[in-house]
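Each of the next two complexes has chain A plus one other chain: chain B in the first, chain C in the second.
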Partner chain A sequence: MQHAGTEIVSAVSPIIERWRHEEGPLLPILNGIQREFGYVPREALPLIADALNLSRAEVYGVVSFYHDYRENPPGRHVLKLCRAEACQSMGGDLVAERLQNLLGVKFGETAGDGSVTLEAVYCLGLCACAPSAMLDGEVIGRLDGEKAEEIVREVRA
Partner chain B sequence: MCFVNEMDYGTPASKSDKSVTLSIDGKDVTVPEGTSIMRAARMAGIEVPKLCANDMVKAFGSCRLCLVEIEGRGGTPASCTTPVAEGIKVSTRTDRVQAIRRGIMELYMSDHPADCPACAAGDCEMVAMAETVGLKEIRFGREGANHIWPAHDGVANPHFMEPDLSNPYFAYDASQCIVCSLCVRACEEQQGTFALAVEGRGFESRISAGMHEPFLESECVSCGACVQACPTGALREKSVIEMGMPEWSTVTTCAYCGVGCSFKAEMKGEEVVRMVPWKEGKANRGHSCVKGRFAYGYATHKDRILNPMIREKITDPWREVTWEEAFAHVAKEFRRIQYQYGRGAIGGITSSRCTNEETYLVQKLVRQGFGNNNVDTCARVCHSPTGYGLKTTFGTSAGTQDFDSVDHAGVVMIIGANPTDAHPVFASRLKKRLREGAKLIVIDPRRIELVRTPHVEATYHLPLRPGTNAAILNALAHVVVAEGLVDEAFIRERCEWDEFQDWAEFVMQPENSPEAVEKFSGVPAETIRGAARLYATGGNGAIYYGLGVTEHSQGSTTVMAIANLAMATGNIGRPGVGVNPLRGQNNVQGSCDMGSFPHELPGYRHISEDATRAIYEAMWGVKLDDEPGLRIPNMLDAAVEGSFKGLYIQGEDILQSDPNTKHVAAGLAAMECVVVHDLFLNETANYAHVFLPGSTFLEKDGTFTNAERRINRVRKVMEPKNGYADWEVTQRLAQAMGLDWNYQHPSEIMAEIAATTPSFAGVSFELLEREGSVQWPCNENAPTGTPVMHVNGFVRGTGKFIRTAYIATDEKTGPRFPLLLTTGRILSQYNVGAQTRRTENVVWHDEDLLEIHPFDAENRGIRQGDWVKLASRAGETTLRAHITDRVAPGVVYTTFHHPDTQANVVTTEYSDWATNCPEYKVTAVQVTPSNGPTEWQRDYDEHSRRSRRIVHVEAAE
Partner chain C sequence: MTAKIYVPRDSGALALGAEKVATAIARELGLRGIEAQIVRNGSRGLYWLEPMVEVETPAGRVAYGPVKPSDVPSLFDSNFLSGGPHPLFLGKPEEIPFLARQTRLTFARCGITDPVSLEDYQAHGGLRGLRNALSMAPLQIVEQVTESGLRGRGGAGFPTGIKWKTVLDTRAAQKYIVCNADEGDSGTFADRMIMEGDPFVLIEGMAIAGIAVGATKGYIYLRSEYPHAEQVLNEAIAAARKAGVLGSSVLGSQYAFDMEVRVGAGAYVCGEETALLDSLEGKRGMVRAKPPLPAHEGLFGKPTVINNVISLASVPIIMDKGAAYYRDFGMGRSRGTIPIQIAGNVKHGGLFEAAFGLTLGEIVDDIGGGTATGRPRRDRGRYRRRDGHGPAGARSAGGRAARGLFPARPLRYAVRL
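Let's turn to the complex of A and B:
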């Protein structure tokens, strides 16, 4: 869900305080905010810029560089499917097609009912069990049609 | 007509004094260590293809067009990021690198519009570079994914971005962009604003202003550095898009602030297409700000008055007349007034906006033609205390350094100045040094931008109560003396030891201790101590100050206190140190140098010196009055009393810029012949009887002298729209008054200045042509000028320590007026706004606002944007409130760029004890909610509307 401005300020400030005096604080702060909200609210960027004495543009440049930082709130579940070479060679394209159809979303989208966000990743380090995916932080190997349906059932539950 | 083309070496110069010899394409080249191969090649006349490099920013190595081969090393390194090494053999044109360059350029061109309008106009390097590398075809086509087209087959192209036209002066069209990041680096390294970034990654990378905002809403300050850096048409001046590329250009000097930036005026016929900062300009080194770069539109604004006008009474409408009639009328009136009321009943005001030559002529007209010394200049209201204070302590009325000096500073102290708004190009140079590690101390009631801005943070900010400058400086000196941080060797060698001891005893008095000063300045003693220690021990200590020092009842005292502090710590006489006034107007230094003050002849020689007067008496053939004449406030007082009746004002709007507007209005209204010589019917012209149209800096030849004493050439690029350059107008007026003047060109006026003024003895237009610019003193001892002064000793012999006791101003807060008002500037507007209000700069600042702390606002029930009444015992005005913690509780702040605000209705007649410089920076006020304009604002508005009527009759000329 989207957060109101004041809510963002009060939630972001302690995260900024936690890291601002450490070396290289920007990424830890962004990680902390994404952990807290599931995304990095645009309203948080000027606060970070001000705290670290950076420009808004610089913070935005960093946030937009990393695909992992979301601009909008994700669904209740986040499914990351590996689209790298090893998984593709093991039938990943078919699984990708199937999951998109079953969930009714494309990569980078969130289901209309807010149940799930589907994201592409490039290698989960699980090539031995390709094709692989990660659901809410748990890795899943040797994906096939059946496992795909199982995942869909789980996120819809 | 020639075009000033500047060499681009690709990467910045190395500062190393070691040299390295290498071979490039079989040519031996010797360059400083640390030079890039690209730059070394360029120095040897070999141009390596490039897109993402220029010599203003550090090399980045992203475009990969500048690849070269080095014998014995593998691969094809980028020549911009690879430094030279002894004995290496570099080849820039092997078949291998040529093939790679063609391949890269082919990829670039597959995502660059085939019909790029900038390429066609020659304002985009892409087509030219494709030719240079021999690209024949684009095998990939432009049909695939690209950034060029808004839509593919009816489907919107997700990579396409609508052009951003939000900035009034330049356009950003991402479809032409190659994401070389030159603009991002220019914004960071040159300007120091960090308003741009590359967003996204890979094919999705794009240049973003702020957080993907329109340029106008982002942090962008519109300095133009990105536009200048852009190798494609992605960032282009709108004027170039509209008018096409310029045909010829010449180097001239900006007519805004005292930084004195050099620009290339790029022209099409008689029209300015764009102003581009000149890299060889020693004040700005190729950088610019929104005013100089873009805000020149006032020169051709429809409000400019082009015909002379006369009227009997100031309530009459204006009547256009011929120049002859106007000159004859002024001459007749001035002579009548002198006959009727005495020789001293008329005077003149020189302009800090006009050239040295023009200023010299006005004071000459007064002294030679009027036969008195009633000449003054607007420096009266800004830096006259600088003149007095530095002359007394050091022996010269000017800053001690050049701007390059800041590159050597270890700790910089900014006092009562706001460089990012008022002297933006210097601020950029300063920020660059601060990012390199120099420390910063800010002494200012307001939290100016430099206190904390991306990548810059002041170590100490002393937010003092307005009016306590002298006390704070004494407290800093107290710490320096008490803790033994003085530079005794320097003082013993260059100053009077006895005077120093006397001064040291004075600053050690208990009332000058940080603890005592804390009580009324509001600055914690520990902060004062920290700042003093840092200044005294942080390496080269440089002080830069502005009107926040001078525009006080103790302005001269504070200037001397600054000089004391610099001498006590040995921070004078070498690069990186010094005492530097940041001067407000383009030629305020010059107008002071040229003898604009009633007590001084050119070169700061007192009017009572017989030998000096004799020089001019011999040349001008008249006897000069040996008594100083009237200062501006004295002229106005005398006018109200009835003994002063006529005034020739060249290029100054005293009604708006001088304190206590009602008093100025009363003085002007009491005169019988007020002659205003200006571009526009300014506010003062509402009280004038004769209006002589002026010319802009684009319409005349001459020189301006900037804050570092640098004499820069101003070059004519168009005929004066009013018919005459200002020096010609003054000359014809002088001729009408019977003087035998016959200058054919401003260079002849400079020759007269050089012949009569020792510190300008070596200056000539030929020298300026050869050297670009020189800093006075320029004479046989310093044939090419003096970048740093007092190098081997002070100009006055020994540096003079002076006791600078703090005396509180008479302007005090009380129950009726509990707040202190201080005034300042904003980046996009300049001075009284006569120029900048007539440009698109108004999009950034269309009204003056009153800054007030949330605490004071809440107490008074004032909300953001409310109309408030600002009242002092002198008068009242209304404006809107802006609630901010940039000001401390108890302090309010505004600017004075807009005539309808009339901030100077509120300021009082208190002034500096030595020079009469008005105390603009401290006024006790009350702020209350209001419904709209005050009675004075309504009356004045009505008066100015009526007095600007012009009856158009066919001019006989």
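Let's turn to the complex of A and C:
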């Protein structure tokens, strides 16, 4: 969901205030904004730049460097699927293909109906119960075809 | 006595359904009108048995696993609260061969205690190292760590005590302790497990480091892929602060030390220590040229100890039992224990803490139980281990290497220092 400019200012300001006097406040602020909105709205960048006495370019340079920060709103659900080696060794490739087919999206894409964003992640530390995924912050291990279908039902519900 | 039931909150156990199991147990307790306390412990690291539920009986703790929510009514029917027989009965956890064969120093409490209960932590030997450290001069603490032979468990293997000595000897108004918890390499999860299962041991280790080198502030730089660890660490830090373990007077001493968790944002390179420091400062994570060393000019240009999670979490046992106790484990220049992470196409995946010196063949075949698929391991199995080559080459990779090159070579640091 896109947010209106005023809505962004009123939600971003307290996050900036919470952190601006701490050491190294930029990442905590960006993380806070992404937690609030699911992405980092472009309108937030000048507010951060002003508060931290940085240029907009410096703030944008940091935002664009870190993979986590989305420039656009994600789907209603976010599915992160581990694509790292330990998961690959336990059939992660097959699960990845199956989920992409079932959801009709590729990695980094959001479904046309806005139901889900599929993202690749490189290690959730669940290597001993691979392949693994995280759906809206909930971890899922030993993914197989059946669990993949369960995920699809859940995000479409 | 109210019965105690342990259901892990470790994210590996959660990924296998531990939350639903805990809910099912709570529901069943209500239905049957039984009073019991459900403790959310960490994981013992036997992931093929997770969710592993334990109950406290007069004869000690007894485990059942892997438990599905649908198993719960039958567990109650079998009187599992008194350790009754059931198809999922595993006996005493410490007698399960995978655990019995380990040498648990750093992970001594992991899976046993309530990770956010400071009382539980102290009842199992916690804070003894910090108390000992407070009775010593800073230089003595650094000497203990040096003499223990502890080397960086993040992979590079640099002697921890020497790093600390450099920071101790560098004069500055402000110094920092930074914990590198950006555990990004696939196949590694020891940092995650200890942070979720025994966060106080890391907090204690960082506090000791602070007192030793004269730093008053610590940061744990945690990767964003570990939200459960973030939650547990923050709960534990709050408890430590409330009890005066952290704050302006550590355990009533003249030393101040406090710390906080900072979460990264999905940049793999920030696992490299100087890129990590840039990231903590709010910049793009770029690798810095050395020198200057972080020990001289680290976070915000101030002298900084930057250590891996396991390195710092190994300090309390050293300060509790002494350098010689820790140094007596291991071989050659690789002293103490190392948490070995077994994952991939293997039957018994999990965490195995052992003194240095095991061979890869022992790890994969004996401890890991062979491949999960039952195929011979030369087929398609991939075995990876961390053995001290630094982040990028930390794991010896590939079934071929596992088959041909390593079986006879004991696990130890490859870097000569």
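Remarks
Criterion: the second predicted complex is superposed on the first by the 157 of 157 C-alpha atoms of A that agree within 3 Å, B and C clash if a C-alpha of one lies under 4 Å from a C-alpha of the other, contacts with A are read in each partner's own complex, and residues count from 1 in each chain.
What we mean here is this: a contact is a pair of C-beta atoms (placed from the backbone, for glycine too) under 8 Å apart; a residue touches a chain by one contact, two chains touch by 3 or more.
All figures in this text were calculated on a predicted structure; none of them were measured in a lab.
Of the two partner chains placed around the shared chain by superposition, chain B and chain C are both touched by A:Phe65.
In the superposition on chain A, A:Arg42 makes contact with chain B only, while chain C stays out of contact range. Measured by the number of chain A residues touched, the leading partner among chain B and chain C is C. In the superposition on chain A, A:Ala57 contacts chain B only, with no contact to chain C. Of the two partner chains placed around the shared chain by superposition, chain C is the only one that A:Arg142 touches, whereas chain B remains out of contact.
In the superposition on chain A, A:Leu27 makes contact with chain C only, while chain B stays out of contact range.
Touched by chain B in one complex and by chain C in the other are residues 61, 65, 67 of chain A.
Taken in their complex, chain C has these residues touching chain A: 11-12, 14-16, 45, 47-48, 50, 183-189, 191-193, 224-228, 262-268, 279-285, 300, 341-345, 349-351, 372, 380-382, 384, 397.
Remark: chain A residues 42, 45-46, 49, 53-61, 64-65, 67 touch chain B in the complex.
Of all residues in chain B, those touching chain A in their complex are 193-201, 208-212, 218-219, 452-457.
In the complex of the two chains, the chain A residues touching chain C come out as 23-28, 30-31, 52, 61-62, 65-69, 84-87, 89-90, 121-130, 132, 134, 137-142.
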